[in-house]
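Would you mind keeping the following structure in view while I ask a few things?
Chain nomenclature is as follows: A, B, C and D, assigned in order of appearance, with residue numbering initiated at 1 for each chain independently.
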Amino acid sequence: MKKIMNAADTLVEDMLAGYVSAEHDRVAISKEHPRVLYKKQKKTGKVGIVSGGGSGHEPLFFGLLGENLVDSVAIGNLFAAPTPNAVLAAIKEADQGAGVICLFGNYAGDVLNFDMGVELADFEEITALNLPIADDVASADQRHQSERRGIAGDLFVLKEVAAAAAKGYSLEACYQIGLAANSRTFSLGVGIEPGTNPINGKKNFELAANEIEFGLGIHGEPGIEKMPLVSAHKLVGKMMARLLLELQDYAEQELLVCVNGLGATTMMELYIVNKEVSQLLQQAGYHVSDTVVDSICTTQEMAGFSITLHVLNEELKELYQMEAFSSCYFHKEVDQ
Amino acid sequence: MKKIMNAADTLVEDMLAGYVSAEHDRVAISKEHPRVLYKKQKKTGKVGIVSGGGSGHEPLFFGLLGENLVDSVAIGNLFAAPTPNAVLAAIKEADQGAGVICLFGNYAGDVLNFDMGVELADFEEITALNLPIADDVASADQRHQSERRGIAGDLFVLKEVAAAAAKGYSLEACYQIGLAANSRTFSLGVGIEPGTNPINGKKNFELAANEIEFGLGIHGEPGIEKMPLVSAHKLVGKMMARLLLELQDYAEQELLVCVNGLGATTMMELYIVNKEVSQLLQQAGYHVSDTVVDSICTTQEMAGFSITLHVLNEELKELYQMEAFSSCYFHKEVDQ
Amino acid sequence: MKTLTVQEAHGMLKKIANEWINHEEQLGEIDRKIGDGDHGIGMANGARAILQNVTETDEKNLANLFKQAGMAMMESMGGASGVIFSALFLGVAKAAKKQEVLTVEVLASGMENAVKEIKQRGKAAVGDKTMLDALVPASEALSADHSRDFVSALAIAREKAAEGVEQTKRYPAKHGRSKFLGERAIGFQDAGATSVALMCQAMYDYVKEEEK
Amino acid sequence: MKTLTVQEAHGMLKKIANEWINHEEQLGEIDRKIGDGDHGIGMANGARAILQNVTETDEKNLANLFKQAGMAMMESMGGASGVIFSALFLGVAKAAKKQEVLTVEVLASGMENAVKEIKQRGKAAVGDKTMLDALVPASEALSADHSRDFVSALAIAREKAAEGVEQTKRYPAKHGRSKFLGERAIGFQDAGATSVALMCQAMYDYVKEEEK
């Protein structure tokens, strides 16, 4: 394994220290817990926004700490959900008197630990609600939508809930926004080459020389099927056919799109993917309000990407339009 | 080779089409030349800012098209400088009546083509000046600073010259800012694993299992020496020792820092590197005004990174503080 | 052997921890097949935390010993197994309240607590391809035991746990990271169940050796 | 063979282009050693542009033929070699102005133009490990030739170019991407010089075959 690091047992702490040095005017490490980071600037009275999850997916989750975005994050070991105490500390850091919403990918480990964290917060008289994000259509069918795992769709749900909080919506209103945003978010990924676990040097899956994994999860969990690598045109066609099925129930034709790289996939490839995505959406009569092409939700240097479609409605659109920025993401409307 | 693409001969065009679809409210492809992109919103009377270079380094160069940043870019084939005609078209798109500055990495191919482009612009009565960026200390010693090749340091030089242009500085004043910024920018990179050329599927260099290339160029050109992979602490120590030598001549103690990933290196690793960088700078008595940790100047899915130190002075600092944003970069000061 | 002192129970905990550490590699490989490959790292982390943080400050406080073990795992591991395996030891801690020595009865009722808590938290049942497939039969074997002798009770428990692991190969996954695989998970054993079986084996080995 | 018609000169250009295309792989390998590995792709691109865009619209206009070749390379290639190899053909085009047929004299003076232009643009000299190390001796051989016969003149030119390529192995690089290697470039031949030698070989092969 060729990773730039010091030692396995300081991996996460070294990373967090380097992140906080880079962003020290904006973020800090919590005094309550070494695996919790928070945004320094606070507004009293707004709903607090917590996110978090295992390490190894950088820039998620701490990359979204920022203006009109996330207030605090709880960080776990590599690919492991944060502990209940870390969640509790993050909830405390985010609390600004109006309750807290925790947004994280819908994985057993995260749900278990955030659930316990919320119980602990309850002892301290802080109301916190969990909102596991479930966007990966490869992981469960439409009837079991809420059981899906969370991948890059996190970004849009987080952005909109955080905007609602920034605008002063109540805890319940923010939570409803989150449910709506989550139910309107659909992602599908493919894995092309494995990533390496920096702790033990192991690749996270195996694929033959010309083979890809269709519907893979962001931890390298196997997906729907293995298939040969085909052209971007064909591959994206196949992915979009699956994703567009999910959009049938919505009257709205306005979307947000995210083409997310999983680590080693180049921006060149991601833009080529986006060319195919945008052509297909145009043909299908959809209007794309905003497109994010980046590697935000990664799995070490895994190669592959996911496509996320998020169906807007009037309210979500207005929330999405709010200016927001963090170390890895910003949104600003262009004056035209 | 496992790349998500359609065909070698549409590689660059597919990528540009996908980028423009994603950013269509901000950028467009020039009607003058299919390899030229420009920022839609123009201010009359300001100095135009052109950048460009070979494809394959995404998000550079088009990723810097944006507000108070680059006005137009000329894009070449994979790893090949853009043609003189493309440079000419980019100059025309950037021209807003006050002359144009072209900023690009200092490579023979880029210099040759931008020189011809500027000559062609001269026929059309547009004054354009070339400013090849030369920040890679591995490529020439201090006495030959202007012969160094350009790597991730592009970002800071571009940012400051573009801010000068946005503030209405004259062509000559912008050019002087560029010279000063360029001479105060020092980078050093290491290569860890090769990237793959998407045209012919070849890896761009070879390294043994535990070997890294110290001082490698962003095209995978060999550097100063091959050495074994050591801890982040030791490696960054060695790199910083070399970089700090360059800072000795400056009275100023205020710096910008960029830790740039070359493609497959994870954000986790880049932050670990930054931890070491910031500790060493603090020990050496420097103050870091801003730190960029990202993969902005890449070479396909090559693994490796570079460290850039940029010495500010009062004027450069003020210019750097100007708000700016593009698809891959933004700068915004925090109100404290 | 009918009772274990706090010191002996501590010895058993160390044995379990070392068993997990020794199988880090193997547990990782199992998880890599249908999960994210980190189960070995996680269990070894938790085990090292047990070795470091569990102390017999109070020779009479059996509950505290298991509570320390549970909290050590909860604070060091994270992930699904952090909550679940800490719930296991916390369940035993609950049953050990006010006890000065560990008996098969206390252990059995602790395991029952744990099963209840884990089912409630994780919403999984036997047959869902989780650690419950090993824990539930092992727990039932302990509860059903009439010998009240550690060696014979644990001999059956460890057998039942191992059988449970074998069973998991036959199930599609319904919980945890591999649940998304559905039928594709069939043929592979569950990582967490394997850790339970290792724990039962370590407990058996410990009492067997102590008896000599 | 003392003259080439526009049609024959076109045939020679096609021969050169195909020679480059056939060596795409090899030129890439050479550049990969001390550069960025794209010289083969670049030359093959330029060559394909020549094959596609050079047309003998005017049978009497020799200059236009070479100008088309130069412009085709300039517009398709980019990179260092785009400017440099287009300068090569544009230099010949300049010498061919108002000529109806190509002679050794015209070719020689065209090469001289090219050498001058390339030196001025690229600021390299012989011994700097660039294509000039092959082009300059080839050009000098053509100028010094008294036979005025293509076959014998190009036989020497191609030999000198090939020798020039061998020489480049001995030099550290001072220009182009490999210049940053300094002494580490010693032992490796220059990619652009190799392309020049291939061009000379193709010209020789063409006239040799035509003569039969």
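Going forward, a contact is a pair of C-beta atoms (placed from the backbone, for glycine too) under 8 Å apart; a residue touches a chain by one contact, two chains touch by 3 or more.
Since this is a predicted model, take the numbers as computed values, not measurements.
The chains in contact with chain A as well as with chain C do not exist; no chain meets both.
Inter-chain spacing, taken between the CA centroids of chain B and chain C, is 54 Å.
Averaging Cα coordinates per chain places chain B and chain D 33 Å apart. Per-chain Cα centroids separate chain A from chain B by 28 Å. The mean-CA centres of chain C and chain D are about 75 angstrom from one another, to the nearest whole unit.
Residues of chain A in contact with two or more other chains: none.
Not a single residue in chain C touches at least two other chains.
Contact topology of the protein chains: linear, an open path with no closing contact.
Chain pairs that touch one another, listed by label: A-B, A-C, B-D.
Within the complex formed with chain A, the chain C residues making contact are 25, 28, 32, 34-38, 40-42, 45, 74-84, 121-122, 175-181, 184. Across the interface of their complex, chain C is touched by residues 54, 76-86, 107-109, 112-113, 115-116, 136, 138-140, 147, 149, 197, 199-200, 202, 204-205, 217, 219-223 of chain A. The touching residues of chain A, counted against chain B in their complex, run 2-7, 11, 14-19, 21-23, 25-26, 41, 55-56, 58-59, 63, 192-193, 198, 209-210, 212, 229, 231-233, 235, 257, 259, 263-276, 278-279, 288, 291-295, 298, 300-301, 303, 305, 325, 327-328, 330, 332, 334, 336.
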